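Pasting the structures in now, so scroll down.
Both complexes below contain chain A, partnered by chain B and then by chain C.
What follows is the complex of A and B.
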């Protein structure tokens, strides 16, 4: 967001883009259609299922170019413009091709204070790309993100709209990149709340094995 | 009907109305941007905030609680409410900015927010002068901005479609335009993209905003974000005189406003008439105004040679009297007013000719059951109600070939251009033409050519496809002195008339033409028929008395919104639209 404050320019999307998904790949399988039907049946109108179906489309095609948005609109019998509006509203829907792993590094207040920018810059140097860009091998994309709701374990990042990596350090990032290069996605991890440790014997969740204890985050070197 | 109290004033309102609409109906202004009476209220501009209270009700007895003086105790809602989305209820008490400092402050602060990223380019903005944001900022806004950062720069000068241009920075995201395409036109060609500070309306990729009603979003845009590609930068709103009239592109007769500067029509915008076009106007009605300005004739001609008006009238009268009435063929016109057609019928009757026919202007497949019709002429219904029949091309051709016609009298139409006959067919026939344009293809055959005033220059009545009779008002002046027209120009422009920038009195763009209700009586007089009416108002008064198909269609009754004529007199020989 900092760059946007310095240079607040909103660019115009490509209004007449060339299709990138070949026509013969652009469809939902019968199984997917059945799945869509179940989602649709949960809402009073088909429009209600649009976010879930966009998500399905993104998982299938890895991002949402115009023709995929059109496919979703057709599947739900919804106006194309409305689906496009939804797709552009949420940053988690990728409108352009991203790397296999997308790092959303939180630089919002709590993470910033605890070293969010240190982590972001370390990632940028390590992968030799700027935030918003994808590495040449198409493996990693780095993005700055606003608060992801894990201030207790700041600084943190999220991998491709999936698992969080909490209490980031440079060593943790090194290990993470190595693991991802080998195709090992980190497992979901929950962090306890400090007050829980005293009062609720450490955890109020049922999946204790996936939980780590809360630690007091350090104050970032850059803000010290 | 529920009674509510607005600013200490008790008013009766319609059940189910929104608070904002009730206030507007009572002529109590509440500033607003996103609310439009024809569309849903998203309540996203936050400008129409008011304080709303309801009488306290005892939970046990369901009775209203009264205070010591016997007045109901009012509990105000803890926060300000958007009046556009608040439904009225009996006993409701409302404080607007007239009585509430809180509301005043909220409106001021809200405008400061709306203006944070709004460019201050009013001096070059087409909307300036009739811009709700500009007006309301003057009225309710803060004196300045406290915003110290760079304004967000969004895409500018983007052609959403062939007729509408977007300036993203000026947009305040009221979503009126997107709701228009979703709820009114149903084209779904616009959406708001992105979020937060980056959002603006846009077409989705691969879609062009080209629906036939696209330019309505320009009218309803409360800022200068959507402007007309055609009218952009041509004239400021205060340089033009505005005349309420009706459009002439099709048989619907949509109500519109002609914007005129120096006797040139510059722009056409929608005028509200809930009986005809509601708030909307088709793009074709808005763009088809050049015909009023271009290729207009310069005075009458006899045999292709310029002549003066008296000579032209005399020659026309001479030709009409040179043969028997049965050998004169009169063509009325669905393009000219009911009054002129009526006078022509009187002239034909006097000469013993058949009742005039009119040339149908049907373009099959053009209509859409809304504001566009297959019929591309504005007054077909008027001709039908006068008892004119649609001209059969074969009949005309065979009569011409058979030498049955000595004189062909064409009023404000173009039989050659319409393909009803060839110029060669007219050899040996004396043709009298009242013409709008020098491009009229019948002109080369004309023995007498009489320039006719067009719909924006005359006074008259068109009857639309649904039998709605509506008045035309003169928007621009023509050459020559005509008391009736001069008075009507003054009246039709009313308070709006008189901008010093509209030099309507200079002759430069005046067309040397006459309305039919001047030229036809002039010719009639010379063949011994007195058609001395005190202008078209008297003609219509007589028609509404004598002809049951026009009962009630007096000028006073028609006013600005027209009169729905009796359907039983609607001729069934002619189906109007798809």
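What follows is the complex of A and C.
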């Protein structure tokens, strides 16, 4: 506590919260440090790289507790408060422990009217947890997401800030959960442009394994 | 009013031309890729000023939502001072609900964006460009980084591009999920490693942008037009579509149509053509109820308001809406407009950055009151309370998010008032309070 505040109205915590990541695991490897240096070199100040380093830290520690935020702050020589401010501002940085697979089910606007909530509720029933919660085995977290920019292939979800799964149906969700239980992440799914279907008779990319055409679900799926 | 898109049925796509694997550098090169850049850097045809002039002459207007003339924006950059760095930023944050066009450009034609960025850098003498992509697009960031690496290896980006004395770097910056980052000044704060709070304007980015240095920010689709304008000419570009906002447009159509997706057609298409012919008509043969023509923040149009309305800024302004991002949501007869508005207000409440009080508190109250009505607990006077609340948010904040949250509330209520009243608790005394003009 600074000297000039003699009688603080609010008592501020004078120490960090209890760490959850063991101290001997809390470091960046030399390789990661090199990667961070490369990112830093691309910006006029090291602060510019903070989002990338937070991503790196989240991939490594799966979420961002206070000691990880401190680690990132140390790596970039930034104040803890500033990094904490960034880490808590953006929705994709996890401030608490989540499941191994996080389902961000889009329910915004276009998805809402193409069955996004049906898919969210189906997932909730299937996994027996509410949106925002994690299953008991720590495998799945369900979240309601804001627009993920795949309105043409609604409803859709994103798995742990990674691959998109487009044109969701109940069957597709069943298959997805079975695959994830076996540890198989779905491959990149390319949504074919309707004009490509006419002019190129399908998806234009030959380097993707999985394609889907953007179709709305049948009326029976979403309209009661 | 008739379509301004001319013979659109025979339109040949240029942003996403029908070429297999165009996202690969070798295929892109085989189809005239980086030719415009080569001509600019290695021949006398284009000096930096003439590139800007050509873009100005073409009439290209920004495709990110505001529709500001691109060439004019470029001229706002101060004269070159070798001691002062300057930047380009490509806004690929695309998070307006209903908008998904930029992702298609990044997936299917990323080199066109890189080429456009380097050409813009050449026009404004800029050495560093940032491509700010929203964090959700992780897969597309990986794909683009792979292609960008190839472009570096071939010398289209980096030191002494194509043997000339012009050098420019492109850095892909990964966001982490915040709608507000699509606003240019908060995007700049985000790039600098701060919370993405919008900044007060002026100063505009051209005076004080990233790290307070001169910066030009354009949308992905806007940059993608630049190589086409240089290789085919400004006259070709300005002859396409609506004269006031010419050029090809990526229409993102979603909702209750048979073939949703991103379509490339000239600007100034009739909304009715886009629904009935392009997107294959209404799903299940249902009747059209409403159209949101350009992302969630633009005023919604009733089905009876779209007769003869064209997708260009003037056409939509006259109809009582805006072009926005040309991400259209089509809604059929079964849509509950109260529930529709409830979800929009939830979105803006979630995405308000919290910097300005009218927005932080106002978006929350909008959601609370609309939710109350949606759950049958509202009173008719709540509708006027909502409109009054909108008036207290609009124009009273640093950025336009408060306005973007207020417009759909104001216009959905005024245009579908009966539906809202029907969900309110019945009133014993008939009330009639004048609503604000549509």
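By definition in this document, the second predicted complex is superposed on the first by the 182 of 224 C-alpha atoms of A that agree within 3 Å, B and C clash if a C-alpha of one lies under 4 Å from a C-alpha of the other, contacts with A are read in each partner's own complex, and residues count from 1 in each chain.
By definition in this document, contacts are C-beta pairs under 8 Å (C-beta built on N, C-alpha and C of every residue); 3 or more make two chains touch, one makes a residue touch a chain.
Computed from a predicted structure; not experimentally measured.
S.K.: In this superposed model, does chain C or chain B come into contact with more residues of chain A?
M.R.: C
S.K.: When the two structures are overlaid on chain A, which partner does A:105 contact: first (chain B), second (chain C), both, or neither?
M.R.: A:105: touches no partner chain.
S.K.: In the overlay, answer first, second, both or neither for which of chain B and chain C A:214 touches.
M.R.: second
S.K.: Examine A:81 and indicate which partner it touches, taking first as chain B and second as chain C; both and neither are also allowed.
M.R.: first
S.K.: Touch check for A:17: first (chain B), second (chain C), both, or neither?
M.R.: First partner only, chain B.
S.K.: Identify the partner contact of A:180: answer first if only chain B is touched, second if only chain C is, both if each is, neither if none is.
M.R.: After superposing on A, A:180 lies clear of both chain B and chain C.
S.K.: On the A-aligned overlay, A:89 touches which partner chain: chain B = first, chain C = second, or both, or neither?
M.R.: In the superposition, A:89 touches chain B and chain C alike.
S.K.: For A:36, decide between first (touching chain B), second (touching chain C), both and neither.
M.R.: Neither chain B nor chain C is touched by A:36.
S.K.: With both complexes superposed on chain A, which partner does A:66 reach: first (chain B), second (chain C), both or neither?
M.R.: First partner only, chain B.
S.K.: Same chain A residues contacting chain B and chain C, which ones?
M.R.: Shared contact residues on chain A (touching chain B in one complex, chain C in the other): 82, 85, 89-91.
S.K.: Can you list the residues on chain A that touch chain B in the complex?
M.R.: Within the complex, chain A touches chain B at residues 5-17, 66, 69-70, 79-82, 84-85, 88-91.
S.K.: So in the complex, which bits of chain C are touching chain A?
M.R.: 13, 16, 18-24, 85, 94-100, 102-104, 107-108, 134-139, 169, 171, 173-179, 190-196, 211, 252-264, 279, 283-284, 286, 296, 327, 329, 331, 334-335, 339-340, 343-344, 347, 350-351, 353
S.K.: Flag every residue of chain B that touches chain A in the complex, lowest number first.
M.R.: Going by the criterion above, the answer is residues 149-155, 158, 168, 178, 181-182, 188-195, 197-198, 200, 202-207.
S.K.: Enumerate the contact residues on chain A facing chain C in the complex.
M.R.: 42-52, 54-55, 78, 82, 85-86, 89-93, 107-110, 112-114, 146-154, 158, 161-164, 188, 190-191, 193-196, 199-200, 204-207, 214-216, 219, 223
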